[in-house]
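The same chain A turns up in both complexes below, where it pairs with chain B and then with chain C.
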Partner chain A sequence: MKEGFRQSMAWLHTWAGLILGWVLFFMFVTGTAGYFDTEIDRWMQPELPVAQHDTPAVDVAAMGVSLLREEAPGAARWVIAMPIDRNDPYPRRFWQGADTESGAIAANGNERFDASSGEPFSARATGGGQHLYRMHWRLHYLPRSLSDWLIGLATMFMLVAITSGIIIHKKIFKDFFTFRPGKGQRSWLDAHNVLSVLALPFHVMITYSGLIFMAFAYMPLVIAATYGTGPEARQTMIQEVFSLPVVERSGEPASLTALGPLIDTAEERWGPGVLRHVDIHHPGDRNAYIILRASHAQGPVRSGEELHFDGVSGELIDTIPAITSAPNAAWTVLLGLHEGLFAGPVLRWLYFLSGILGTGMVGTGLVLWTVKRRQQAERRASGSHRGLVLVERLNPGMVAGLLTAVAAYFWANRLLPVEFAQREAWEVHSMFLTWFMLLILSVARPPARSWPEQFALAAVAFALLPVLNLFTSDRHLGRSLPAGDWPLAGFDLTVLGLGLVCAWVSYRLVVRQRSKLKHRRNVTTPTPGRASGAESSS
Partner chain B sequence: MIESLFIISAFGMAIAGMVGLSLTKERHFRLALPLSTANTGRQRALFWGSWLLLLLSALPSILGWGSGSGLTGWFAVLTVAALFPVVLLSYAPQWLSGLGWTGLALGLVALAAATVSRLTFLP
Partner chain C sequence: MTDMLQEQPGVGIGARLCRAWHSPALGIASRVIAAIVGGFALANLGAILLAVLLPMARGEAVVTGVLASFAIYTAAVIWVFAARSAVRAWLGILGAAAICALVTWLLIGALQ
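What follows is the complex of A and B.
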């Protein structure tokens, strides 16, 4: 082996980093936004009332059942989801396998409803924060089989990049707090190291758990080895892994037990505000079966205890603990940590901040890639090769352009007419069209101009969102702040903050560019030629 | 309220610990305290004291957030706390030692206040 272990790791780190860096940057941006998914939902449907967390579970369940009796008679399953925390601002009812011949409005359905009136909400159609969040693992415009593998490869490379990054970082403890601004490549490397090392626990957790999420997609043979490959195999596996109860419909009608006492039992056991689902299998049948599920957001363990009742007598049949086995515990904890559903306001902000640090880590990594190669190219004086120039020109659009594109997603939500057909789809199209146009713009401009321009655009696009909100809804800051409507106010203030950060970045880039030009002019006047300039910057 | 006090305490202690740890590096020490001279014994005390503070900050994290979320929160607190010396060393190193002492004071006062109120209001 000619090169040392560290050098070969450096090579791996660089190439793995660039090739999937853009995918990872997209994943980090949309995934970070996902930590505020339901808050973004609220902003994108400003017609909706404030969250209905305080409604007693008994009332919500009664309302849900009376709606489901009307809409979904003969269903195989009714589920009523309680609005217990920020993950679910409103109650929701969900049904499967209803009988449309005996009056059901649809075979399957999933609708939110007002906790007190039972009315469905009417609000503009939108993909909301959910769609933005979904993109971080589902991407867009790609078939699932392809996106799964692309995401998996990117995540795997992230794990490789983290591991090889730690190995090549020679002074991980000595340079733990070191950031030296205004020194070109040195500064970018410092920033990249600091962002990576300080949030290392988050980066490792998010990457590893990200892989675990899709374990069944990436390792189908594990399932095949135990369960076979037939069409039933997957179902059996899911049945066993997630221990779903199997109940058959008897065909004999019987009236459903009153839910009140069941809910009382659950609340006595768990306390108020923990009951998450009332899951009724075969309502109206003699074999009706009711599962009350506790919140899966009480801690990093993304799973809650279940109480199983006979749906006719109301007798408690079984209690399923939140954790059924050690592998099951590891699985739920990893997924729980990744999603952070349990996080309250402070922890949620810390998650968001960690996500931003991760975004910065990938972003600085992408910049570093070009900065390093540019210096080598200038030193060799053989001119810059085409690949480098392309990456240099694409990067501003890939990084800052994506931020503007996300803002465009929000702009589209407010600017597309409410009655516009396929609104949801066009919100996303607006995002990707914006990104695409910014990429073209980015390639057309020299990088030194492109970076500050792209960040200035992102700054304007974000900072003006509260103004857009002022003109297109009555839940602007003037109303949301006095009313203490934090999801709405928080969104406006956060995008304003992001806008200011982008503006600051743009300003700093302009200042640095100017001083660099001045510096170069001063250096090159007495001794013309490139070599002196390159030396002074290294 | 009591929970918030514990979390504030965790941040205070972690920031103090991170500042202390950064000052054990000679380069940072010279930047932050140009008039003082580093003395080996004191530096060693600072090193172990800072580590102790960082580890101790897990306690108010867990008391504030509960055991599961507390450990998650503790890692996040350490990450955020470490950003303070990084930024200050680059842009305002003269504030670093002041921030360290403030963090330490805030951490201990908030911890004491939270502990006292928890004991008082315990049913």
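What follows is the complex of A and C.
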């Protein structure tokens, strides 16, 4: 019975993993890139200055308010975001529900501005790292209603694959130290196990927390049963769960209180560089309400303390702690761990490496699926299965091809003309067109050739990015390294490293292919059926 | 019925249906539905039960229920594929769902 249980789990693991494996691979690659989203932003807009973290909050707020007065009169909400850490290199203002008839430039807006001049930055249009990272849950071309459920399903499959993977893995620690290279399926299985176990806490965390981001949408009956249906019920729920204030506009004008004393109060309490948002509800109204929000990146708890002020008198009305209850803490910690906004350089690199391990876990799993079936098909000697051949031929393009496609996204950023109106969209189109063409190439070639070729392409595409940067900006390694401009230098060095890793993989594959061919020439008799049974259940 | 099958394999609609019923493909399809749809329903019902049962403020209890719901879903899927037969898998899911629904209903009745 116990053996049967593990076997049924092995079956579940294989199929749960494969069916959405390609979607998961895409999510892992783009999501991993997201841990360096603002650094990628910077590389994709080399015209931008270095991050403006040192500007006093009072000055940024004053600048933001004077800009918003001009651009967004009558807005329901003005927010000024401070450039306190790597997550926000520059000040930003956004607004909602402004009145275009009384002179607002748009009902809603979201703009960065220079901390010293208040001017918008002049830089090429780009989707940047934000667009790349957003793909891991938006899947870009799909409508939101479809992508939400597809990634939910994929993530749920992943959770089941991880759980069943742990169950079938009876010698989890012993296998962790086991790697038998050059043994075909066995080696792939070992690699898959090592990659999975090495970052297992990360994989479990990232999967479970991924579901929590849209948990209320995924579990709709819970709200319906406890709060009822309809928008009002939803409103009540949001207030109770996330403790948001409800302030109505009075319609009676009143001038906004000076922000300086409010910010002083906040900085006395939190210290400098912690105030993240100045959130003004109904500016210019009798009922104006100001929330000063502390950084949500001080630790894994993805929320900060809030100070609530009367927006006219400037009186402190309420202090909302970062954590309001234990369940609320669990919730925000899961989200905080997923996004890793709090991570400093070392932890951020660990996040990135864990993401790469996860990418490798899904990638090796996809390969393992075909290797195992190939051996079974050869043992039966009944010719290969059509589905198997298709998966075998698609995999190199899906896996290595996607890496090249991400590099193509960066190439497009530098090669599309700056004045080209739709360059932002075409950066992404370039990425997916590259992927699509590499998939076609991959299907057209035998897998044994395709794998090293595709990795060689990825190696060239990544390793030459610093060279591209040298020719298309004045922010190349020769400048960024001496200046200690780490976001830019780090990008160039990282893609160079990725290129070298891809080149190494390609080289290893070629070497292995050659030794296999030699082996086959020497051994003229057909290979006997390999040891079975024990291998199929790991 | 089984005797008839052994004598004349593949003859008649009844026999074919009977064979299809016992085919592994149908069992797997049935389990997949039990896992995805049944597991989803059970996860929601389990979360609702927690939201009603836990002695906390409503908002907190709802958050706890929703946080737990994905673990319930995973456990349900594991159960469905570990059960000895598709029928047992369904019975387990439906039984658990019925218990959740019943307890929730009783609790809501008791609270009112």
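Going forward, the second predicted complex is superposed on the first by the 516 of 538 C-alpha atoms of A that agree within 3 Å, B and C clash if a C-alpha of one lies under 4 Å from a C-alpha of the other, contacts with A are read in each partner's own complex, and residues count from 1 in each chain.
Here is the rule we go by: contacts are C-beta pairs under 8 Å (C-beta built on N, C-alpha and C of every residue); 3 or more make two chains touch, one makes a residue touch a chain.
None of the values given here were measured: they were computed from a predicted structure.
When the two structures are aligned on the shared chain, A:Met156 is found in touch with chain C, with no touch to chain B. By the touch criterion defined above, A:Leu470 lies against neither chain B nor chain C after alignment on the C-alpha atoms of chain A. Of the two partner chains placed around the shared chain by superposition, chain B is the only one that A:Leu198 touches, whereas chain C remains out of contact.
By the touch criterion stated above, A:Ala233 is placed in contact with neither chain B nor chain C.
Of the two partner chains placed by superposition, only chain B is touched by A:Val301; chain C is not. Counted by residues of chain A touched, the larger count belongs to C, out of chain B and chain C. Within the superposed three-chain model, A:Ala326 lies in touch with chain C and out of touch with chain B [touch as defined at top].
Contacts of A:Leu493 after superposition: neither chain B nor chain C is touched. Legend: residue contacts after superposition of the two complexes on their common chain; A:Phe342 is shown touching chain B, with no touch to chain C.
Residues of chain C touching chain A in their complex: 43-45, 47-48, 51-52, 56-67, 69-71, 73-74, 77-78, 81-82, 84, 104. Note for the complex: chain A touches chain B at residues 174, 176-181, 194, 198-199, 201-202, 299-301, 337, 340, 342-344, 346-347, 350-351, 353-354, 357.
Against chain A, in their complex, chain B makes its touches with residues 4, 7, 18, 21-22, 25, 27-28, 65-69, 71-73, 75-80, 82-83, 85-87, 89-91.
If you check the complex, the residues on chain A that touch chain C are 4-5, 8-9, 11-12, 156, 159-160, 163-164, 167, 208, 211-212, 215-216, 218-223, 225-227, 237, 240-241, 325-328, 330-331, 334.
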